[in-house]
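Got a structure here, written out as structure tokens. Questions coming.
Going in written order, the chains are labelled A, B, C, D and E, and every chain counts its residues from 1.
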Amino acid sequence: MFSYETMIAFFNTFIERKYYMTLLSGIQETLLMTAIATVIGLIIGIFVAIIQVSEFPRKLKWLEKILKGIAKLYVDIIRGTPAIVQVSFIWLVVLADVVMARPVVGGISFGINSGAYMAELIRAGIQGIDKGQMEAGRSLGLSYFQTMKLIIIPQAFRQMLPALVSEFIVLIKETAVIGMIGGRDIMRAGNIMMSDTGSFIWPILIVTITYLVLTSTFTMIMRVIEKRMNKGRF
Amino acid sequence: MFSYETMIAFFNTFIERKYYMTLLSGIQETLLMTAIATVIGLIIGIFVAIIQVSEFPRKLKWLEKILKGIAKLYVDIIRGTPAIVQVSFIWLVVLADVVMARPVVGGISFGINSGAYMAELIRAGIQGIDKGQMEAGRSLGLSYFQTMKLIIIPQAFRQMLPALVSEFIVLIKETAVIGMIGGRDIMRAGNIMMSDTGSFIWPILIVTITYLVLTSTFTMIMRVIEKRMNKGRF
Amino acid sequence: GCSKSEDVIVMGTNATFPPFEEIQGNEIVGFDVDISKIIAEKLGKTLKVEDMEFNQLLGAVASGKVDFVAAGMTVDEERAKQVDFSDNYFASKQVIIVKEDNDNIVEAEDLVDKKVGVQLGTTGDIFVSGYTSEENGGTIEVIQFDKGALAVAELSLGKIDAVVLDEEPAKKIVANYEGVKIIEAPFINENYALAVKKGNTELLEDINEILAEIQADGTYDALCEKYFGKTE
Amino acid sequence: MIEVKGLCKSFGDLKVLKGIDDSINKGKVVVVIGPSGSGKSTYLRCINYMEEATQGQILIDGVDITDKSIDINEIRQKVGMVFQHFNLFPHMTVLENITLAPIQVKKMSEEEAKQIAYKLLDKVGLKEKANEYPNKLSGGQKQRIAIARALAMNPEVMLFDEPTSALDPEMVKEVLEVIKELAQEGMTMMIVTHEMGFAKEVGTRLVFMDEGKILEQGNPKEVFENPKEERTKLFLSKVL
Amino acid sequence: MIEVKGLCKSFGDLKVLKGIDDSINKGKVVVVIGPSGSGKSTYLRCINYMEEATQGQILIDGVDITDKSIDINEIRQKVGMVFQHFNLFPHMTVLENITLAPIQVKKMSEEEAKQIAYKLLDKVGLKEKANEYPNKLSGGQKQRIAIARALAMNPEVMLFDEPTSALDPEMVKEVLEVIKELAQEGMTMMIVTHEMGFAKEVGTRLVFMDEGKILEQGNPKEVFENPKEERTKLFLSKVL
């Protein structure tokens, strides 16, 4: 299985059948999906986190209750079920009648998944900002949501940046199950090579290395960001 | 798709074809896999964590370097690649010649995966124990490893218990991809129902609820443990 | 997201079923894809291919996610309850694949108590999963894979004892693996057809017409020549 | 200008303010002193609605801000507040700190807001720091910027909650100078402080709080020299 | 009994011990005092090899423990140590705390270890606490258990590093009583302490350390009444 001949044979096929193209478009699809998921997750996460930390004025307590209830339900369901179940649900039920590029559907699904986890990060980030910031904003006449948007979130965001990049890395890995609903990401590219060539070790090694390169690249980016943050302007 | 008739039709088939048995054995397989994975992950995690925090005597510095290098490589590779890649690798390459029940192989694979994450938890737990404990143990004449085993690990372990249960919950969800290599867990039970009946929504709902019940049960157990800990003997 | 526009027709398939459909480079190609292209062309529409797990195809066409399925799908009573099948366009059969040195398995009855791999939701799966031995009432231990190739892979590793697959893909896949062979014993004969949503007679009739057309004008034979190296 | 009637405030079961009555006239400087925990901060925070009063009324220019139908953000524009810990926005430059509220709340043009900001920076003597970030400033400089930021909304009253107690001793003076100048210009102010010399100098009236009540008040010099209440005497003996 | 020759210890570039020579004879009680950071703890920790000496020799009963080929766990059995923060094992009962090392290290039977433990618990006056967990004990009780735990290994020397400085004042006495009793029984001891009265009472010799050196030593009473060095005078003037 590890023999020189099988290796040569595999890599000949690799070139001949243009598997590098399969792999490349797998990388593209993985990254596209991850990027879409990150953006959607971030948006959902911010909304959910704000709902979770907000105290509504007395008149709107009923709305607060409803929104907090929905946020809790969302977070509980997402954190209580596997990503692949969620993806299947969204793909096969929610978006059943919609024709959409698969990476987009995957991105949306994983974004919805990721939102629940990002909400937690963002909530912690917001609650980590000194209470005095909210007070200073409010005392200047800014509304609660203006203060959130202009003062709290930007600060929380900077502090959370490394954690968010790390969530991006988690998503790169999580999206590897998209093949289960027909996606054509890196993992699936590996599967295709396996099916076609009957060789396991080389496709899996290629896939492993591809993921390692991607995740460690983004880990490095995260480190750089962390360093910048530490000696940043504030 | 949500219509009353399709629902009735599905649940008739559900009874008729004894899908509850499929589901039940799916739950069994998921839990078995998760349990095996937790045990293996815990063992690996403890070893890796101890290697990471240990300072070897001067004579054995070379061994320390080698072991720490291996531990780092292991953690980096596991954390840098998707679980499904690891599972495929172990099943198709490492254990290629081994005939073994699929849940066991799944359990081993996910245990190897989980070990890297547990190592992190355990390392933090060990480092969270007051340095004085190690000193007290050593000053009584206990060796480094005796002190670790009898004094540090038991304390660290109690503190980490909630985090470890939470890792168990993560594993319940993660194992949902085992269907990709032919496992018959909960998710797969849902797939089988989908394939046979052509209905998506009901099988997915059943799968979702099953996972929710499992994860929230264990979350409750974790809460109880946390409470006990807080008012525990020490 | 964009809803389906008028001039696009969506074909659902599972591209792990060579030579009917498989992925080469970035493209899904194969016998079914070519036939579908012709259908789309004759209907004046653009073909869009949706690749998904085989076991999700029926649901996908039933829910309207795809307009029709072309996936080397065998006509079958159970399935016919969920979708409408076109006229048959290909005659196939199920075959048993075993290790080259295995002389113990020669017919379906020999599969009893053995670990047998299938592709989830295929005819082979339905047959093997429902199989009960006439002699001793024994059943077959089924392992359902997402892809036929993975089943053959495990067979070649010795993790399972046999695989039941459709004949043509079995031939293609077996060629990729060392040490496995197809048993020439007769097994279930079956027919492939396209599937549309139940009640979509308009599309069904169009498809049937086109299928008849290409069989008459030789296009079909050319495709067979291209993919199977033989004519029906 | 500000009228406080029977103001009570509880946090859960804890009664922090137990009925405060007072009125602060335009142009006056009220200095609030009292032991820790006596409710001085809470009193100030009620006045700009950072805390909701449990009972009683607070009228600013005749408008009852405890009325639920009042737009609180409008009231706050009339009342500037300066905190012990400055609470500058660390992700904005000094200039952005000052222009934020005028632009966002008063819908002022950036141009106009900047002009006002530069005027105020000049006033607090920090014109050259306009484009610095707060972490480059000393404590005294930060507090002066915080004052400028509050003034940018052109408030009618300024509230100061121990504006110098987080400062190193050598920086107290520069902040007090700025406040003194404001007093001379006729700004209405309430100042919680432990700087007794300063209180004597700028205060038109001194209020001594204890356990959620105003225990004694009057001309600062007189109260310092001749406290009537035992508690006031005790307190002053410790801090003077 | 213990001989220290030219003991030096550095942490990286920081020289903490700069050449200590001393010898402690059997049955003597050496009290170590000195300003914070002078290296008292480090000195004690070197003696039972909690820190590895950078230079110099430490001989215990003639055996050089700085020798790399020595089994350090054997040495430690001869040297008991009591810490400022007790460091009891919180997950074990008092009895388990005391019997752990005899069973694990000395391979004593559980029976025997328990007998010894009860004897020691009696000695420190805490027999009735045998089955409690440490978090049920007061600071003074914890420290007495820690002493019992160290004694259970039947050490030849006992080291105490500020055994009472983490205790509430009313608990200091009960711990000092136990140590005093040990002294009377003829246990060899080194005690770092800030309790000067106690030092005077039990110390057979006082060692004053400053900046990693022994600056002055002698009979405690004499040193207290007549310190020779300026630094000693200064230190004593502050603590007495």
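Observations on the structure shown:
Just so we're on the same page, a contact is a pair of C-beta atoms (placed from the backbone, for glycine too) under 8 Å apart; a residue touches a chain by one contact, two chains touch by 3 or more.
By chain, with names taken from UniProt: A, B = Amino acid ABC transporter permease; D, E = Amino acid ABC transporter ATP-binding protein.
Just so it is clear, the model here is predicted, and its values are computed rather than measured.
With contact taken as defined at the outset, subunit B and subunit D are each touched by A.
The minimal number of chain-to-chain contact steps leading from subunit A to subunit E is 2.
The greatest centre-to-centre gap from subunit E, using C-alpha centroids, is found for C. Across the structure, the highest number of inter-chain C-beta contacts is found for A-B. The chain with its Cα centre farthest from the Cα centre of subunit D is C. Note on chain placement: the centre of subunit A and the centre of subunit C lie 35 Å apart, centres being C-alpha means.
With centres defined as mean CA coordinates, subunit E is found 56 Å away from subunit D.
Each chain gets one centre point, the mean of its Cα atoms, and the points for subunit C and subunit E are 81 Å apart. With touch defined as above, subunit D holds no residue shared between interfaces to two or more other chains. Residues of subunit C found to touch two or more other chains are 53, 56, 59, 63, 146, 150, 153.
Those residues of subunit A in touch with two or more other chains are numbered 92, 96, 180, 194, 200. Contact between chains, per the stated criterion, is found for A-B, A-C, A-D, B-C, B-E.
Contacts from subunit C toward subunit B in the complex involve residues 53-56, 58-59, 62-63, 78-79, 82-83, 117, 120-121, 125, 143-146, 150-151, 153-154, 157-159. On the subunit A side of its complex with subunit B, the touching residues are 1, 76-77, 79-85, 88-89, 92-93, 96, 173-174, 176-177, 179-180, 187, 190, 194, 200-201, 204, 207-208, 211-212, 215-216, 219.
Note for the complex: subunit A touches subunit C at residues 17-19, 21-22, 25, 92, 95-100, 102, 104, 180-182, 184, 191-192, 194-198, 200. Remark: subunit E residues 48, 50, 68, 73-74, 76-77, 79-81, 83, 85, 87-91, 100-101, 104-106, 133-135, 146, 149-150, 153 touch subunit B in the complex. Within the complex formed with subunit D, the subunit A residues making contact are 58-59, 130, 132-133, 135-143, 146, 150-151, 154-155, 158, 233-234.
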